[in-house]
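Both complexes below contain chain A, partnered by chain B and then by chain C.
Up next is the complex of A and B:
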């Protein structure tokens, strides 16, 4: 068994406001070296919150419990200063909405090479050379044509690649990609998938892919974790998962794909301020029984996977 | 380039409109223009009046007068002040130097301190110091400059006696000029800094919640590094417009400050001209101020294009 690069243990995130909102509830996950883990779920299920918690980028009103270990380092106990040294260098994130994540008043070159200046104190000539070589991989050829541009002069797909390049130029051990395919057309999605996959296979880095695009997750991930209402309801290897999902919600997700007949899951996801008693999915579940409405199921192993459902044990 | 040309034409039209107004307004005034020109308190014979009238060309048709006016303007001839017995253009040049000197220093100092303090205050917007400074900034920006000047005059000149209370200098040395101008410069700086401070603070508060600021943090920038390296440039965009628009405002504020501190700059010149109905001087001064404000706006337009690439993109 390979040692995990990053390990979340009972991670919970609560946002304090007029009423407390528990966006992530007792999530345990781990990613090993060279692995691609896809975190899949509907909008608002807490995927991005996990990403931000790992990066230490949550707003002040959020409180985090549990533990996030990165190579034997407890990230939650680090100071902002220590976290700043890790961010971008060891763990990097690719945000959704690349056009807004890039600074409109700096050139593409500046934004891609910035990490070199922040973490490595690279000299200007060397950084320029590095950046030129690096962007070739992202299809910016010749680099001289693209590097002096500003984000507003680039298309959405280009900005996506620029953002990936900017986040990965220091080849961090873990890359978190938050909805990297959002708003891109098919061709750009394939291209992004290939870039991300190469990143992992070439350098032996790990990738946490956050998406609601099951098709995309299937193509590039090794393992998959399905989230529902702030909890993980099923984790399995991508192969096994797509062969036969166990949790009713996972089944519902797969059935909602066009090739499986476009069958929607009835109802809508519950409010996180007052999640339903018992299994959080029971109001929408077609297999529910009395136990589901009263008791909260645990995430238990069945075979090679883990499922949070009474019916699967 | 097409857009730059359009802008230039717009500014030229603006200047032309001001020149036309400047030409038309004194002629639309009631009463005899020549009497207005030389002042009501001067007794002159009818012959002299007629002589002056034909000298200035008031007996010719309006379009000819306008042509002459423009021709004179091109040759930097702004007329003659019968009150001060001097050429208006050279009068303005001499006085303008002092006003531009202290207003210019104040605007630059105010822009730097206001931007810097405003940026920090916006970044630490929840801290008590930031809130206290904001209160002071608001109070100063709401106080008319002449009132601020009077308070400073009363405290630092009459009570404490640290600064001299009138004139530009006792003897024409740099030290003396600095000593005399310090207080007016401080007052103007405070005034302009407080306005810039408030704008910058608001702008930074808005920008610090943007995606790119979060991404800068995700890249490993720490605390104020994000402010200086990513937010400052974006947040200063509204400030450029503000400083340019403020130019006229601060100029008019300077008039009162010059009066309070008895400085012989444009302000006192305009003030005396208004009291003595010295129309050529007023006309010249208004023209010069209007053109300065337009130039400041032109400068802001150019600066904006340099800082914000999105403005340049639209020009293609």
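Up next is the complex of A and C:
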């Protein structure tokens, strides 16, 4: 088995406030080289919190337990300064809402080449050449027409590609894409998917894709992890998962897709401040029995996958 | 709004300020005499001396022209000092938040409470009157409101996506502040800078008028002060004391107009 590039072990994130909120509960994940892992779940289930925890972007009010190992480094024990060297250079993140993630006062060229100047101390001519060659891959042809533009002059899809280019120009080992397709139309989604896929296959990078777009996840991911209420409920290879989801929540998710009949999951997701006892999904589960309401199921391997459900063990 | 998208008031402000700047930069173009040249004292306005002469026979029009440089220098130099201090303090406290913010904003509150003019009077009484000391004191005492505005704007901008992604690209806090946040602050800092300039010019004039300015450097305020003490008012020589007053007013109005148009003309950063 290949060695994982990044490995989360029992990661828990709690936000302290008037009442403590456990946004991520005991999540263990690993991504190997060249792999695309899709982290899927509904809004507020803690997907983005995981991404922020990896990048060390969580506010002071959050306490993080467990470990995040990147190659042989423990990211959680690094100082802000050491993290700054890793961010962008080794691990990159692509945020949702590209138009707001670009600085309105700089040109596209400046924003893409900025990390070259900062991290690599590249000379101007070289950086310009590098940027030009790099944006060609993102469909900006000829580069001279697009590079002097400002983000406000570009469309949402263009901004998304610019943002991806800006975060990946240093060829980081891991790219985290936090809902990269949010607010884009089908055409742009396909385009973004293709670009992300190319990024991975080209240099053996790994990609963590955070999304709630199942169709998108199916097309580009190798492995899929379903999150519900701060926990991972099922991990499987994308192929197996879409062929036959095991966890009732995963089944519900797939049934709610338009092509599968648009059947919504009843109820709404539980509050994270007071999660239900037992299995967190049991109030909404069709197959629920007494055990589910009392005991909390573990994420156990069944076949090639891992499922957090008593019915599947 | 005119074609260039600038509010029309702005144009008059710019034209006025441009005239004053020309007067400050090339005074010899406007007046034929040297400010130290002496003629008959207390002369009435004539074609030779547009605004007459003063008690020691200097041409008042020449004095007025040469005074522009001093008054504008005091205004802009102290505004630069104030803006710099305000920007550094506001940025630091807005970006780092937490205890740094508490301490810096507490300090700002303390400075905000100090009555400016009385303090300057006391300082001027103890320090040797000099134009650079005046600039320094005015600058060091008028940064608080700039710091506050910068802080609140920084708090807003630091939460935007592009600051977040800049952090994710591994840029240092200094780099983020100087190249991501400051450029987005210009539309709040620019009007503040202009207003600070205007306020400093007025403070300078009032201090000079009560005799706490530098008498060896003839600014507009010093001119009025001399007109007052050397008999300009008694002799009803309005051409001595009125023109510097009008100049101060016009200069302040022009700068304030430009400042206001900055405020009106710009949009705020969109936050989500």
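Everything that follows uses one rule, which is that the second predicted complex is superposed on the first by the 313 of 313 C-alpha atoms of A that agree within 3 Å, B and C clash if a C-alpha of one lies under 4 Å from a C-alpha of the other, contacts with A are read in each partner's own complex, and residues count from 1 in each chain.
The rule is short, and it goes like this: a contact is a pair of C-beta atoms (placed from the backbone, for glycine too) under 8 Å apart; a residue touches a chain by one contact, two chains touch by 3 or more.
Predicted model only: the values in this text are computed from it and were never measured.
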Quick one: on chain A, after the overlay, do chain B and chain C clash, or do they fit? Just give me the call.
clash
Between chain B (first) and chain C (second), which, if any, makes contact with A:87: first, second, both or neither?
both
Of the two partner chains, chain B (first) and chain C (second), which one does A:150 touch, if any: first, second, both, or neither?
first
Offending stretch of chain B which, after superposing on A, collides with chain C (from 5-13, 23-31, 41-49 or 59-67)
5-13
Do chain B and chain C land on any of the same chain A residues, and which?
55, 57, 84-89, 92-93, 95, 97, 100-106, 114-115, 118-119, 163, 166-167
In the complex, chain A residues that touch chain C:
55, 57, 60, 83-89, 92-93, 95, 97, 100-106, 114-115, 118-119, 163, 166-167
Hey, which residues of chain A end up touching chain B in the complex?
55, 57, 80-81, 84-89, 92-93, 95, 97, 100-107, 114-115, 118-119, 150, 152-153, 163, 166-167
Show which residues of chain C lie in contact with chain A when the two form their complex.
98, 160-162, 164-172, 175, 179-180, 183-184, 269-270, 272
Residues of chain B touching chain A in their complex?
210-212, 214-223, 225, 230, 233-234, 307-310, 313
